[in-house]
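Think of it as A, B, C and D in the order they're written, each chain with its own count starting at 1.
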Amino acid sequence: MADKETRVGELREAVQEFVSARNWEGYHNPKNLAMSIAIEAAEIMEHFQWITIDEGRALMAEEEARVEVADELADVMIYCLSFANATEIDVSEAILKKLARNEGRFPV
Amino acid sequence: MADKETRVGELREAVQEFVSARNWEGYHNPKNLAMSIAIEAAEIMEHFQWITIDEGRALMAEEEARVEVADELADVMIYCLSFANATEIDVSEAILKKLARNEGRFPV
Amino acid sequence: MADKETRVGELREAVQEFVSARNWEGYHNPKNLAMSIAIEAAEIMEHFQWITIDEGRALMAEEEARVEVADELADVMIYCLSFANATEIDVSEAILKKLARNEGRFPV
Amino acid sequence: MADKETRVGELREAVQEFVSARNWEGYHNPKNLAMSIAIEAAEIMEHFQWITIDEGRALMAEEEARVEVADELADVMIYCLSFANATEIDVSEAILKKLARNEGRFPV
């Protein structure tokens, strides 16, 4: 699995290069990117809109649907990483801090 | 920046441990997680709802707002990583494949 | 049921008066209102985030939850009506046209 | 403008007839409809994703774009009305109550 090896910073850089090669930094501002994350999140939901929770699990065992959904999930994360680039937010730090805080809110 | 060092797999594992320590795998199914990603995406948008693009950029220069927004961004990404865990999607691979495909769709 | 008697135009006017009494027309522009509709839609979803379809139906039989959800639904529709006011879209016409078109797409 | 004459109840009935003629009541349950409202809200946002507030206003002066956006707005409202049908929420009452409450929260 590439996730085992890949550093978050490498993904951020790949997104940054894509955006700056096209001079899209102006479009990739926080307000537009917040919309973009939500728009792509809705595209993931479309796959699960009319089916039950169990059917949703079964759907993800089908290769074709899983590839399509992986593609939508990538879109959400690309915009999240572009948002992080535009705002210089450290997502690994933010995620680990949030999980630590949630440990307190939801004790095992 | 922690993103320089942190591997995506480490973040996935941190999320997985949080979820399984609480026996939440049943709740963290694809349909529910798709909703959760969209719900948290909306919480990022709330910060930019009534302001212009320029005001949105300026807001992200304010430390307090930036920390709050980083927290919402972390929520979106935590649910994305939980979705990846639940469906065994390799997000690094999906992101890099999507960027490569977009290279073709949007030539420099 | 007030819906039996109330004309869409009356609701539009009530929203318009609320907005213009506060000089909020500048904020209630199409881009901001599109975000606002999505933000309030997410607040409806929060009530159904971790429950099954059947539990969702059961929840709507509980008076307290139903009132809360009605309140979120009202927010979505208020922003839809404000969007219609800002853009002079006739929603009754748009809805009936869309249903007629869908008759063709999804024959009984 | 049809909104001047059309009662909310007439629109609800048109949606109800469409849904029941296709035996879709099972699909049109609160959890699925909450997702559907959010999905269609995102489709409105797509039209405003990469443009400024002023460009968004200008876009709504173009007939073709306005018709497309009216169509997406209709989709959001159709699902809102179907949600109201499925849960027996009186939307006119909910909207007017919410505006009255907001009068108190945001005095002129």
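We take it that a residue touches a chain if its C-beta (ideal position, glycine included) is under 8 Å from a C-beta of that chain, and two chains touch if they have at least 3 such contacts.
Since the model is a prediction, treat every value here as computed from it, not as a measurement.
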| item | value |
| --- | --- |
| Pair with more cross-chain C-beta pairs in contact, given C-D and A-D | C-D |
| Chain copies touching (subunit B, subunit C) - same or different residues, decided at half shared | same |
| Whole-Å gap between the CA centroids of subunit C and subunit D | 4 |
| Subunit A and subunit D, separation of their C-alpha mean positions in angstrom | 28 |
| Per-residue multi-chain contacts in subunit D, two or more chains | 32, 34-35, 38, 41-42, 45, 48, 52-53 |
| Subunit D-touching residues of subunit C, taken from the complex the two chains share | 1-9, 11-12, 14-15, 18, 21-22, 29-32, 34-35, 37-38, 41-42, 44-45, 47-48, 51-53, 56-57, 59-60, 66, 69-71, 73-78, 80-81, 83-84, 86-87, 89-99, 102-103, 106, 108 |
| In the complex with subunit B, residue positions of subunit D that touch it | 34-35, 38, 52-53 |
| Residue ranges of subunit A in contact with subunit D within the complex | 27, 32, 35-36, 38-39, 41-43, 45-46, 48-50 |
